[in-house]
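Next come two complexes built around chain A: one with chain B, the other with chain C.
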Partner chain A sequence: MLAKRCNKLRERIVERIFSVSGAITTIAIVLIVVFLFREGFGLFGSSTIENGYSLFVNAKNDISSLSPTDTKRIFDGEITDWRDVGGKAGEIKVFRFDEIFNLYSEDAFGDNYALLPDKLAEVIDNNPTIIAFLPDKYAPKPSSVVKRLTDRRITAADFVLGTQWLPTATPSPLYGMLPLILGTLLVSLFAVILALPLGLGVAVYLSELSDNRIRRIMKPAVELLAGIPSVVYGFFGLAVLVPLVQRTFALPVGETAFSAGIVLAIMALPTIISVAEDALRSISPAMREASLALGATKWQTIYRVVIPCAKSGLLAAIVLGIGRAVGETMAVLMVSGNAAVMPHSLFESVRTIPATIAAELGEAPSDGTHYQALFMLGCILFIFTSIVSIAAEIITKKHHTSKEL
Partner chain B sequence: MNRKSKQTIAFGAFRLLSLAVMGILLWILGFIIYNGAGAMSIEFLTTSPKDNMTEGGIFPAIVGTFYLVVCSMAFAFPLGVMSAIYITEYASNATIVRIIRIMTNNLGGVPSIVFGLFGMSLFVNTFGFGDSILAGSLTLGLLILPLVIRTTEEALKAVPDAYRSGSLALGATKLQTVRRIVMPAAMPNIITGLILSIGRISGETAPILFTAAAYFLPQLPHSIFDQVMALPYHLYVLATSGTDIEASEGAAYGTALVLVGIVLLMNAFAGVIRRYFNNKMKTY
Partner chain C sequence: MKSTNNKIISAKHINFFYKEFHALKDINLEISSQSVTAFIGPSGCGKSTFLRLFNRMNDLIHGTRIEGLCLVEGENIYAKGVDTDRLRKKVGMVFQKPNPFPKTIFENVAYGLRVNGMGDKQFISQRVETSLRSAALWEEVKDKLHKSAYALSGGQQQRLCIARALAVEPSILLMDEPASALDPISTARIEELIVRLKQNYTILIVTHNMQQASRISDQTGFFMMGELVEFGSTKQIFTAPEREQTYNYISGHFG
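What follows is the complex of A and B.
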C-alpha cells in the first residue's frame, strides 16, 4: 500500500520536474527578448550629446539647439559659419574644455577649481560666436551671457535613416544604421545568389538522382560543411580568398563584400541543401510514377512535376539561407574589411550588423548610448531572424495543407 | 534538341554542381589539414603560447574549450532532454506544446552574436558573474538548447507507439514506460545529438566573445568564475589581431586544424554510434 503511494508520488514529482524544465526553457527565451529590448530601447530618448557633457553658446546667439549631424560637422570644421545652421552670420569659434588651461594659469581657478565655471563663462562672454563643449561638472550656470543648447533626443528615425555610423565621435556620436543594414543585405543577398544554384542542384541530385552509396558519402559531407566553425571559415577566407580576390580584380585590399559573400555562400550551402532536399523528398512517389507512366522522361518529371510541387519548400530553403547569412558574425567580421560606410559596389569593404556588434561591444562602456545602440542592432537582428523563421514555417505549413487536399 | 539529350545535359549539370560542393569541402579541409599538419606536435598541444603567441602551443585554449563544453552541456543537456520528454510524452495541452515549439524553433534561428549580447547583459552585468566560464557556459548552453530539444524530440518520436502501448498494457506506469522502454530505445539518437552539439559548441566564437574569452592568460582557470582562453577565439586572435600575424601563422593553422579535428571526430563518432545501433535494431 505504502509502496504504491510512494510510486504515485514519484510519478507526480518526475512529471513536475519535466514540466518545470519545459517552463524554464520558455522563460529563458522570454528573458532573452526582455533583456535585449530593454537595453536596446534605452537608446531612444537619450541625449544626442555625449553623456555628462553639454554645449554652450553666447547668450546673444539665436541658435538654441543643434542636430547631431550639424554638431559633428561644426566640430570637424566642415561648417564654419553660424549662417549655415540657421543663425546670424559669423565665423564659428569651436572651444573645447581643455583649451581653458591654455588661457589661464592653474591658480586662477582657485581651490578645487571652484572658479573654473566663472572663467568659462568669461570666455563665452568674450566670444559672441563661440560654441563650447564642456563637462556638466564645471559648466557655467546659464545666465545673461551664457546659453546652454537644448538637448536633442535620439529618435528612431535618426537610428533607422541615418547614413553615418560614427559611434565614437565627440561631442555627438552618430548612430545611423543604414550603412550597416545595406552592407548586411548586400553581402547576404550576394551570398544567397551564389549559393542557390549550387545548393538547389545538390538537393535535386541527392533526392532524385543519386543512389544510396553516393548519398551515404554526400550527406555526411554536407553535415561536415555545416559543422565547420565559422571562425575557421573566416580564417580560410582570410588566408585564401582575400588574397585571391585582391589579385584577380587588382584591388587595393581584398577584404571586400565580394570575399565575404563567397565565404557566406559556402556557409549557407548546408542549410539550403538540407531544407530543399527535405522538400523534394516529401513529394509522394505516386506523383513521380504518374508522370513517368504518362511517358515523361525522368528530367521532365523533375522539372515539371517534382520541383513545382516542392516550390514552397524550396522557397523556405532560400529564406532560411538568407537568415543564416544575415546572422553570421565571425567569418564576415574577418573577411569583409569592416568599413562602416554606405556600400557602393561589391568590391568595397562593408560592415554588417553582426560584425559591428562583435567589433564594438568590447569597447562600449555599459552605461552609454553606444552600448544601447549595439543592443538595438541586436534587436533588429532578432526581429529579422524571427520573421525569417516564422515565414519559413508558414510557407512550409501552407505546402503541407495543400498537399493533403 | 530531343528530350533525352536535354535530360543528359541537366543531369550532367546536377552531377557537376554536386562535385563542385564536394570539391569546396575537400579544398577547405585539405587546406587546413595540409598547412596545420606542419604546426602539429605533442609540444604544440601541451604547452602555453610564448613570445606574443608566435611560439609555444595552445594548451590553455584546449583546456578552456573543454571547460566551456562540459559546463554548457551540463546545463543544456539535462534541461533540453527533460523539456523534450515533457513535450513528447507528457504535455496534453496542445497550446503549451505549440508555444514551446515555436519558441525553440525561433531560438534556433537567432544569430549567435545575439546570444552573446544577451549573455553579457544578463549573466555578466545583471547577475554579476563577470567574464567567466560560468557566464560563457550559460550563454553557450542557451544557444545549444534548441538543437538538444529538437534532436531529443525526434529521437523520442522515432520510438514506435506500439512500445508504449505494450508497456502500458502490461501494467507499467507512465514513468516506468518512459524510463525503461522509451528512453533506452531513443538513447542512441539522443547521444548522437549530444555529440553533434558538443562539436557545434566547441567552435562557437561570437557568444563567448564578451562573456568568457580572454586574449591571453598566464595560468589555467581555477574556478568557474575565472576567464578562459578558448580555441575558436584564439584562432580569431591569431588570424586578426596578433602583434605579429606573419609569425603566428603556423600557430593559427595548427589551431584551425585542432578545431576542424574536433568537428571531424565528433561527426565520425556520431556516425559510428548511429550505424552501430541501427544495425542492432535491425536484428530484432
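What follows is the complex of A and C.
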C-alpha cells in the first residue's frame, strides 16, 4: 500500500520535472527571440548620423536634410556640388570638427572651450557652401546663420534595399544589407544545390543498396564527420580548396562564393546523409516486402514506396541541411573573402550574414546603431530559417491532405 | 509424367539454411493447381520460411542458402538467370500483418499494375474494381477509393492487401497467417474469399487455426522442427493421421 503510494508520488514528481523543464526551455527560447527582435528593431528610427554628432550648413542653403548615401558620398568627395543633391549650384566645402583647430589658436576658444560654438558658427557663416560635421557638445545653436540638417531616421528600406554595408563610415554609416542577404543566399543556395542530391543519394545508397558491412563502417564515419568543428572545415577550405579554385579558374583570389559553397556543402553533407538515412531505415521492412512481392524492382520500391514513406524524415534532413548552410559562420568567414559587395557571380568574394555578425559584433559599441544593425541581421537570418522550416512543414501537410495519408 | 504436369508446385529435397541454422530439412511435396493447401505446425517450425521460398522472399535475408529443387509451373525458380520480379508477379503474397502502402485505396490496388508499366487509366480502374470485388471489399470502399488505406479497419486492410495481390493476376497466392490478426467475422469473410478464389488460383496458406485449415483446405502439411512430418489430403490428416506427432499436434496433446 505504502509502496504504491510512493510510486505514485514519484511518478507525479517526475512528471512535474518534465513539464517544468519543458516550460523553462520554451520560455527561454521565446525570450531569446524577443530580445533579438527588440535589439534589432531599435535600429529603425535611429538617426542616420553617427551618435552624438550633427550636420550643419549655412542658413542660406536650401538643403534641409540629406540621405545617408548622399552624406557619405559628399564626405568621400564623390559629390562635390550642391546641385547634385538638389540644392543651388555651388561647390561643397566639407568641414570636419578637427579643422577648427587649424583655423584658430588654442586660446581663442576661451576657458573650457566656451567660445568654440561661436567660432564654429563664424566659420559656417563665412562659407555659404559649407557642410560641417560637428559633435553636439560644441555645436552652435541654430540661428539666422547656422542651420542644423534635420536627422533622417533609418528606414526599413534603407536597411533592406541599401546596397552598401559600411557600418563604420563617418559621418553617416551605411547599413544596406542587400549585399549580405544576396551573399548568404548565393552561398547557401549553391551549397544546397550541391549537397542535397549528393546527400540524399548517399543516404539511399547506404540504407537501400549497400551491404551491411559497408554501412556499418560508413554510418559512424559520416556521423563523426558531422561532429567536426566548422573551423576545421574552414581550415581545410583555406588550405586546399581556395588555392585550387584560384588556380583552376585563374581568379585573382580564391576566396569566393564558389569555395564557400563547396565547403558548406561538405559540412552539410554528413547531417543530411545521417538524418535521411535514419528516415529511410525507419521504414518498416513490411513496406519493402509488400512492394517487392508485387513484382516491383528494387528501384521502383525505393522511389515509389520507401522514399514517399520517409518523406517527412527526408524533409527534416533537407531543412537541417539548409539550416546548417544558411547559419554556418566560421568556415564561411574563412573562405568567402568577406567582401560586403553586391555579388554578381559565384567567382567573387562575398560576405554572409552570420560571418558579418561574428566578425563585427565584437567591435560594435553596444549602444550604437551598428550593434542594432547586427541584431537586425540576426533577425533576418532567423526569418530566413523560419521560412525554410515553415515551407517544409507546409509541403508535408499538403502532401498529407492531398493524398490523405 | 502426365501427373507432374498438373502439379503447379513441386519441391524436391529442399534444404534451407539461415547462415548455419538448418531451417528446412529435406522437404518433398507436390501441389496441383486450383487447390488450397494449408500448412500447420508449432511456432518456429519453418512454415513461413517454406512459403517464402516460392516467391524467393527469403532472398532478401542476408546469408540464406537453399539446396534442392523448387519448381513452379515446371520451372526451376532458383536456376541462374531467373527474373525474380517476373516470378513475384506470378506468385503473389499476402502477409500476416496487413501492410497496405500509405497511399489511397485505389493506388494500393493499382500499385502492382503501375510497377509493371501499365499506364492505361481505363484498364487500371477496371482492374482495381474487379480486384476489389474479388476480395469482397468493393461495396465497402467504392465511395472512398481516394481515401487513405490507413482509414480502413484491420480486416478491411487485409482484404485490400489481398485485392492488391490479385490485381496483378498471379496464378499462385501465398498467404502467411492472413487472418491471425483479425476478429472472427473478418476471418470468416477471408475464409469465404479463399474458397471462392480457389477456382482461379492455387493457394498456399499458413495457419495456426486447425478449424480453419480443415474448413478451407484440400491438402494439409504438418511441419515440425523444419521437417514436413506429414502431407496429405486434409480429410485424411485430420481424421486419420499416419504419424503420431501429427495426431498429437492436431488433438492438442502437443505444442
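Quick notes on this structure:
Going forward, the second predicted complex is superposed on the first by the 330 of 405 C-alpha atoms of A that agree within 3 Å, B and C clash if a C-alpha of one lies under 4 Å from a C-alpha of the other, contacts with A are read in each partner's own complex, and residues count from 1 in each chain.
Just so it is clear, a residue touches a chain if its C-beta (ideal position, glycine included) is under 8 Å from a C-beta of that chain, and two chains touch if they have at least 3 such contacts.
Source: prediction; values computed, not measured.
Of the two partner chains, chain B is the only one that A:32 touches; chain C does not reach it.
Touch criterion met: A:286 reaches chain C, while chain B stays clear of it. When the two complexes are overlaid on their common chain A, residue A:297 makes contact with chain B and with chain C alike.
Applying the stated contact rule after C-alpha superposition, one finds that A:142 touches neither chain B nor chain C. When both complexes are overlaid on chain A, the residue A:21 reaches chain B alone and has no touch with chain C. Judged by the touch definition given at the top, the superposed model places A:110 against neither chain B nor chain C.
Contact with chain B, but none with chain C, is seen for A:204 once the two complexes are overlaid on the shared chain. Of the two partner chains, chain B is the only one touched by A:366; chain C is not. Applying the stated contact rule after C-alpha superposition, one finds that A:86 touches neither chain B nor chain C. In the superposition on chain A, the residues of chain A contacting both chain B and chain C are 297, 300.
Here chain C touches chain A in the complex through residues 55, 57, 60, 62, 85-86, 88-89, 92-93, 95, 97, 99-104, 107, 111-112, 114-116, 146-148, 150-151, 161, 164-165, 168, going by the rule given at the top.
Taken in their complex, chain A has these residues touching chain B: 7, 10-11, 14-15, 17-19, 21-22, 24-26, 28-29, 31-32, 35-36, 39, 197-198, 201-202, 204-206, 209-210, 218, 220-225, 227-236, 238-240, 266, 269, 273, 297-300, 302-303, 320, 323, 326-330, 334, 354, 357-358, 361-362, 366, 374-375, 378, 381-382, 385-386, 388-390, 393. Touching chain C in their complex are the following residues of chain A: 211-212, 284, 286-297, 300, 304-305, 308-309, 403-405. Looking at the complex, you find that chain B touches chain A at residues 3-4, 6-7, 10-11, 13-15, 17-18, 20-22, 24-25, 28-29, 31-32, 78-80, 82-83, 85-87, 89-91, 96, 99-100, 102-118, 120-122, 125-126, 142, 145, 149, 173-175, 196, 199-200, 202-206, 209-210, 232-233, 235-236, 239-240, 252, 256, 259-260, 263-264, 266-267, 271.
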